[in-house]
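Consider the two complexes below, in which subunit A is the common component and subunit B and subunit C are the respective partners.
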Partner chain A sequence: MLRLLANRLALSVPLLFVVSVLVFGLASLVPGDAARTILGEQATPEAVAYLRNQLGLDQPWYERYGSWLAGVLHGDFGTSILSGQDVWTTLNTRLGVTLSLVLTALVVSTVIGVALGLVSAVRGGVLGRVVDVLSLIGLALPNFWIAIVLVSLFAVQFRLFPATGYVPLTASPSEWISSLAMPVAALSLLGIAIIGKQTRDSVLDTLGAEYVRVLRANGVSERRIVFVHVLRNAAIPIVTAMGVVAVGMVGGSVFIESVFVLPGLGSLATQSTLDHDLPVILGLGVYFTMLVIVVNVLVDLAYGFLNPKVRAS
Partner chain B sequence: MSSGVQARPARGGLVRAVLRTPRGAVAVVFLALLTTACVCAPLLTRFGPLDQHIDAVRGLPSGTYWLGTDVLGRDLLSRILFGGRSSLLGVVEAVVAQLLVAVPAGLVAGYFGGLVDRALMRLAELLMSIPAIMILLAVLAIFGNSLPVAMIALGVLSSGGLMRLVRGAALVAREELYVTAAELMGLSRTQVMLRHVLGRCRGVIIVQTSLFAAIALGVQTGLTFLGLGPQPPEPTWGGMVAEAASVFSQDPWMLVPPGTIIALTVLAFGVLGDVVRDATSERQSAAGTGRARHRTAPAGTAAAPSDALLSVQGLSVAVGGDTPLRLLDDVSFEIAAGEVVGLVGESGSGKSMTARALIGLLPTNCLVESGHVVFDGKALREADFRALRGREIAMISQEPMAALDPSFRIGSLVGEVVRTLEGKRGKAVTERVVELLTMVEIPDAADVARRYPHQISGGMAQRVAIAMALAGGPRLLIADEPTTALDVTVQAEILDLLRRLQQENGMAVLLVSHNLGVIADMCSEVLVLYAGQVVEQAAVDALFAAPAHPYAAALLASSPEKAGIGQPIRAIPGTVPSPEDWPTGCRFANRCELAEPECRGEAIPLVDVGADHRSRCIRIPVLLEQEATR
Partner chain C sequence: MPTLHRSRLLTAAVASAMALTLAACTTSGSSSTSGGNTSELNLQFTGVPISLNPALAGAGGSTVYTALAYDSLIHLSNEGKLEPDLAESWKYVGAGNKVFELTLREGVKFASGKPLTAEAAVASMQYFLKAGGPLAPSVGAVDKVEATGPKTVRITYKTANPDAAGTMDQYHGIGVLIGPDGVANPQSLLTKSDGTGAYVYDNATSVAGSRYSYTKNPSYFNPKAQQFSKVSVRVIGDPQAVLSAVTTGQVDYATGSPATADAAEAAGLNIVKAPFFNWELVLGDTEGTISKPLADPRVRQAIGYAINRDALSKAFGANFTKPSTQQLIEGADGYDESIGYTFDLQKAKSLMAEAGYAQGFPLTVLTESILDRNTTYSQAVADALKAIGITVTLKVVSTTVPAFIGEATSKKYAASIWPSAGPNMFQNYSQVSGGLFNPFGHKDAQLDGIMQRASAADGSERTALYQQASQRFQELAWLIPLIATENVYYVSSKLEGISASVGNPNPMPVGPTPELAWRKA
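This part shows the complex of A and B:
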């Protein structure tokens, strides 16, 4: 177990390195850069060259990477080319929004997905079909499309929730909930589909296991078999699916935060991409990678908790 | 599951297998039509994707504009078909990039192994941990909104999963005989990899590629929705959703065509992947997820009264739904209290099915067609079994290691049964658990109780399973091949234990086995099952002295103990016919030395051949004569 975690963490250092080199290397491959973006197409070559010099863009990429890396090791991710704000501070202030969105959506997806998958596996028949159809819809419709339909129905038509914007939990819990309700719903549909399908499959597999038959043969009640034994053993693949869903949601937040204008990491990613704001993009790359690492470590810990064989090793 | 060589469909066979399923056919036809329509868009559309028709702004579908028009009066059908070009092209770019990276890398890793393998798998792990969307955005920022570069990057970044799968398939393929043979015949490694290993991985690759195509399409539409990639007025599916979003409240229709086409295309890719997986995998579909139905016997065949502890009367069990296939055919026998009865036969004879029917735990897709299980004078229905299990009838199974839930400690598994059956709580449970484990001769019971199933041996696991089965003091124990999976020395220990517990508790036992030695050792009565029928039933002594059915005789002759040292074991030629091939006449006729044409005619009845001795054979006199002269 400890070895597994150590392995995971040992891999995270080269991972962060690779991601940053990748972004930096790509950036050096092509002409045209932030200087051109800031000054616009009409700017004179002299003005662009001056700004490039000012921004340090005229140095070879490995030197720029070296100085960026040196900064990062001291906790300095540089400043945004456009806004001039400190990248690290910007990222940290926006993390709360994205975490609120993703964690809530993950909880919603897990609760609903596991419930639907469990019921459809145990009951089968019509309910099984309903879950199948729901998960097809969740898999097929893009989350931004669902988001737009939600906005126009529940914000414009029924005026139940605000169409856009975010209220922090600390400011007003009730407004926090209503500002997150639709983004969470839009983001959760895919998660419900994936977790529901996985739950159904692994519960069906587990129900066919020999030890379930033996428990039945020994008179253990069906309720205890399903809720204690089957759910416990089916949980391992479900946790794997949750990890996949969580990583997918961090990526999905890019689209959802843009539709709902939430000031999180996702909308920052979209905006800095449109602005060619490389320091921010680099910072986001590192930040997102760290989030993925955290998710993977949590999944590993859950394996250890759920599977006695992993725990022992 | 059969362990035989897996019959993989040939190349043409896979295409046909996919097209044969309605879902697969619809998905393939849809994707083919869509691709053709997008490629031939200029020929198919009446209006260009950028043509503005001021007279028909935000129109609903009409004869002129089949899918309606947008805010600038542009034809939505035309924009969808032209927009589909960049979407499908993006998918192709991503898929090709993924294949070009993952397949060679996976093949090399799996085929060569060693350091190359480890390095490549580390790379795959690394790729799988990179948040692809962030890199995509960086790529787009750097390459000035070039969607092709982004899609290629997506393909490369997503290649870790496929790389692993191809490697796994290549590892398996490398061990196969035909690959080794090809190498011995002097084909180069590259040739072997391309021809044989790749052929083997084909299914995995197609499945992963279709699922990835669905993801790639989602990403492509998402990026164009955000305004990345081709810029307006260029039509893209995601861009159309964004345009529709601005006027959705007034004109909801505009959102429907792009949403529908994206959803349908994603679905088609997903369905295609599912169908190919079903066609190439050995795993059977999860059809028949419903509960086992324990249909009561038709009116008029009421259960006969019986003094025996257990009486099975004309039990027939079938599998499947619309055209049920009979697995057990009119099986009848009785077990008296405290009696040990053996049930013997080859694999596929219906032994385990009989055992499971007696405790009301048939596989989910099987049902009792007719007949009764009468316990203690009462004909049982499904609800009755539930109350009897563990308390009156208990069961131990073939695979002791699989019989214990791997997530719980031994003590808590046994404890759960104790709580359920004896209503004990708290400290009394722990005491009873140790008592039960000690009863099955587990040394240091308290220590074993703290272990997990994977920490004990198979023989120990079977002892635990016996302890669980005996917790409720059952009057009938069904032991389904309790020693088959164990080492020979452990087998004897478990049989000794069962015999001792049977004698001490005076419970009846139905011992299922394919080993006549075990039966002779333990039982007083024996039933011989063949192809779902009882073919002989006798006291053990009588059967061993003079078997009255050629199958029983052949089983006896084939047991290793019968063959002298240095003599070959007299195996029975052929195998048990599978249920769909059961003949109307004698089911053993095709393997029988004594078979005559009349054996293959009508069904053979079970007839008395002596006191408490019955056989399903019409050649008994010949058989007995032959045995006498042997």
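This part shows the complex of A and C:
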């Protein structure tokens, strides 16, 4: 298991390098640059040349990339061309918002999804069909639409939650929760649907296994069969689904952050791409890749915890 | 043991979820009233600042990011009047509107503590011109800027500039003075302001791209005009999110839109509005390079007569749009109610027939969905032109304004749709004589002559010449006016002193006197 993890982490280094090269290449291919963004299309060539020189954009691409890479190896991700802010500090500030949103949504999705899937599989009947229908609705409704409905109801109509904005956990835990309640709800619905459906299918498969019949024949209680034996064996596909949901939530957070005006990584990604703010775009590329690597490592760890065969291999 | 671990985990997760819901319900009051502290002003703006460096900053409403921390030589009030600010007085020197002189206010300091002197003002203005930011083309053809005394600054123009005072306001950049430290290190202005404004930028409590915070400037020259202890500008782009934020009191002032204005009014907000954009069909290909029929003025005029502007205005909300029949919006200096296009389909068809295009022709029109959300204006124009046989294909840019401008100036399109603006013909003419309004570089000696004479004239003589220019625009039919749209703002009832006008459709919260600044009700 440790070797697997070591391999994963070792592979992540070249992966991060390749991603940074790709991001740099793709961002450079987009017409225009930050100097044009700042000065506008009517700027004189002299003004553009002056600003490009000031910002170092007139250097050859390999020198700019090399300079960025050398900085990163020394822990310096550079500064944003447009805002002048330190990229690493900006990313860390914004990561707190996105992680708060995504992790909380993942926990909520898992708890509710597993609970609904389990009840549906074990009880079946009308309840099972209700869960199925709810899953379909969750899959069909776009999260930004749900977000708008939630704001109209719970912020504008009933004034239960703030309509927009984010309060850091360190500033006020209760306001942090309040500011995240609706974004988490909007982001969770799809996750609940996916995890709920996966749990139901997986548990139903496992309940039909030979060993469950043997356990029942030996008089083991249904509760013990479900929670001790079935759930554990059904867990691997559920954990896989959680990994997929987590990565999907990072992408989905872009829309949610826009509707709830949360200063997270998603809105930063959109803005910096439009602005041709290359240091921020590169930082984001590396950051998002690291997030995906961490999620995959956590999924691997969960596999090992749940399945002794994985640990042994 | 694993069972125990899992059940603990499950319990903890359920407890977290319940706590989240419970806490959300119990803390809602404090969050929903966060904008209610009247010593704080919470503003909304649609986009992030292009730059916090005034020499590179953007125009229009985005001026708020710099206006809070940087006073200008002359202040443009909400009513569109020019008021003394860092300059106590100003005048043209000699005749011909080519030399302009300002006398600076005494006792003003920059945020760095350094005093405002004529040398500092000149250095700031020269840096502005060298930086060549988005506002640089709008300040006239400056030949030189010099200090003619310890408190006097003189600007000499290469050609007459009848609106020199107007270009020294908070919206044009050159008169927005940066201190010597900021001029020496412009990059520092992104995190630390160096102006003479009522507030200073507070980088520590700001989140770039999301919230920009300002605190009182302790050395501001008129403390009575500092109406708030703190001002924040929140970046909220989505119109629905804007409405939610202002309705629930999270922001006190926001940029509205016709789509949400009724809901805002129903929620008890004050609606402030002023005419701003004059949407136009830009028929730039007047030599017929891409579309041969457009070389004939009769075809271009036919297009002007084929559009039912009253119907367009009604369709898009008569409260926030008006039919636009000429180059300037109503109320602007040079607007002439006796001229303009009328809707006359018969005349349009006759002109098309005279030009040899009775059967019409295909036309690709470049448009965008950034300002014209869902391209509703453009589609309406395309429908209207069917009546005279012109089959319009819309090419839509939906990414960014610079991307649209890039396409519009590429000479690949014979026509495009984009709004012009300007409180007088001088500013409007400066805008539309180049760039995306004139991608093929057409010129008209008669129009240029009128504008040259207007630039050196004053008062009613100038207005009359502006009106002649408007008439000439109609004859040339390079630009077909469509509808005029209004800037709409939502204002909390806790604020007063806010208005907008044709002369200033983008009101700012600060001013050099208490009467010119916004204040709590």
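In this text, the second predicted complex is superposed on the first by the 311 of 313 C-alpha atoms of A that agree within 3 Å, B and C clash if a C-alpha of one lies under 4 Å from a C-alpha of the other, contacts with A are read in each partner's own complex, and residues count from 1 in each chain.
Everything that follows uses one rule, which is that a residue touches a chain if its C-beta (ideal position, glycine included) is under 8 Å from a C-beta of that chain, and two chains touch if they have at least 3 such contacts.
What you see is a predicted model, and the numbers here were worked out from it, not measured in a lab.
Peer 1: Evaluate whether subunit B and subunit C can sit on subunit A together after superposition, giving fit or clash.
Peer 2: When both complexes are placed onto subunit A, subunit B and subunit C end up clashing with one another.
Peer 1: In the superposed arrangement, does A:Glu175 touch subunit B (first), subunit C (second), both or neither?
Peer 2: second
Peer 1: Touching A:Val156 in the superposition: subunit B (first), subunit C (second), both, neither?
Peer 2: It touches subunit B and subunit C both.
Peer 1: First (subunit B), second (subunit C), both or neither: which does A:Leu278 touch?
Peer 2: In the superposed model, A:Leu278 contacts subunit B only, not subunit C.
Peer 1: May I ask you to decide whether A:Ser258 touches subunit B, subunit C, both, or neither, giving the answer as first, second, both or neither?
Peer 2: In the superposition, A:Ser258 contacts both subunit B and subunit C.
Peer 1: May I ask you to decide whether A:Val108 touches subunit B, subunit C, both, or neither, giving the answer as first, second, both or neither?
Peer 2: Only subunit C is touched by A:Val108; subunit B is not.
Peer 1: Examine A:Val245 and indicate which partner it touches, taking first as subunit B and second as subunit C; both and neither are also allowed.
Peer 2: neither
Peer 1: Output check: A:Gln42 vs subunit B and subunit C. Expected answer is one of first, second, both, neither. What do you get?
Peer 2: After superposing on A, A:Gln42 lies in contact with subunit C but is clear of subunit B.
Peer 1: Between subunit B and subunit C, whom does A:Ile148 touch in the aligned arrangement: first, second, both, or neither?
Peer 2: Touch status of A:Ile148: both partners.
Peer 1: Does subunit B (first) or subunit C (second) touch A:Leu118, or do both, or does neither?
Peer 2: Neither partner.
Peer 1: Running through the overlay: 8-16, 80-88, 152-160 or 314-322 are the candidate stretches of subunit C; which one clashes with subunit B?
Peer 2: 314-322
Peer 1: Which residues of subunit A are in contact with subunit B in one complex and with subunit C in the other?
Peer 2: 32, 148, 151-152, 156, 228, 232, 258-259, 274-275
Peer 1: Taking the complex as given, what residues does subunit A use to touch subunit B?
Peer 2: 11-12, 14-15, 18-19, 22-23, 26-27, 29-30, 32, 121, 124-125, 128, 136-137, 139-142, 144-145, 148-149, 151-152, 156-157, 201, 204, 208-211, 213-221, 224, 228-229, 232-233, 247, 250-251, 254-255, 258-259, 269-270, 272-278, 281-282, 284-285, 288-289, 291-293, 296, 306-309, 312
Peer 1: For subunit C, which residues are in contact with subunit A within the complex?
Peer 2: On the subunit C side, the touching residues are 2-3, 6-7, 10, 13-14, 16-17, 19-21, 23-32, 34, 48, 50-52, 56, 130-134, 136-137, 186-188, 190-191, 207-211, 234-238, 240-241, 244-245, 247-248, 250, 267, 399-400, 402-403, 405-406, 409, 434-436.
Peer 1: Could you please specify the touching residues of subunit B with respect to subunit A in the complex?
Peer 2: Per the touch definition, subunit B meets subunit A at residues 122, 125-126, 129-135, 137-144, 214, 218, 221-222, 225-228, 238, 241, 244-245, 248-249, 252, 255, 258-259, 262-264, 266-267, 270, 286, 289-291, 356, 359, 361, 364, 386, 389-391, 394-397, 399, 402-408, 416-417, 420-421, 452, 454-455, 465, 468-469, 471-472.
Peer 1: In the complex formed with subunit C, which residues of subunit A make contact?
Peer 2: Subunit A residues touching subunit C: 31-32, 36-44, 46-48, 50-51, 54, 80, 82-85, 90, 93, 104, 107-108, 110-112, 148, 151-152, 155-156, 159-165, 167, 173-175, 177-181, 184, 227-228, 231-232, 258-261, 263, 267-268, 271, 274-275.
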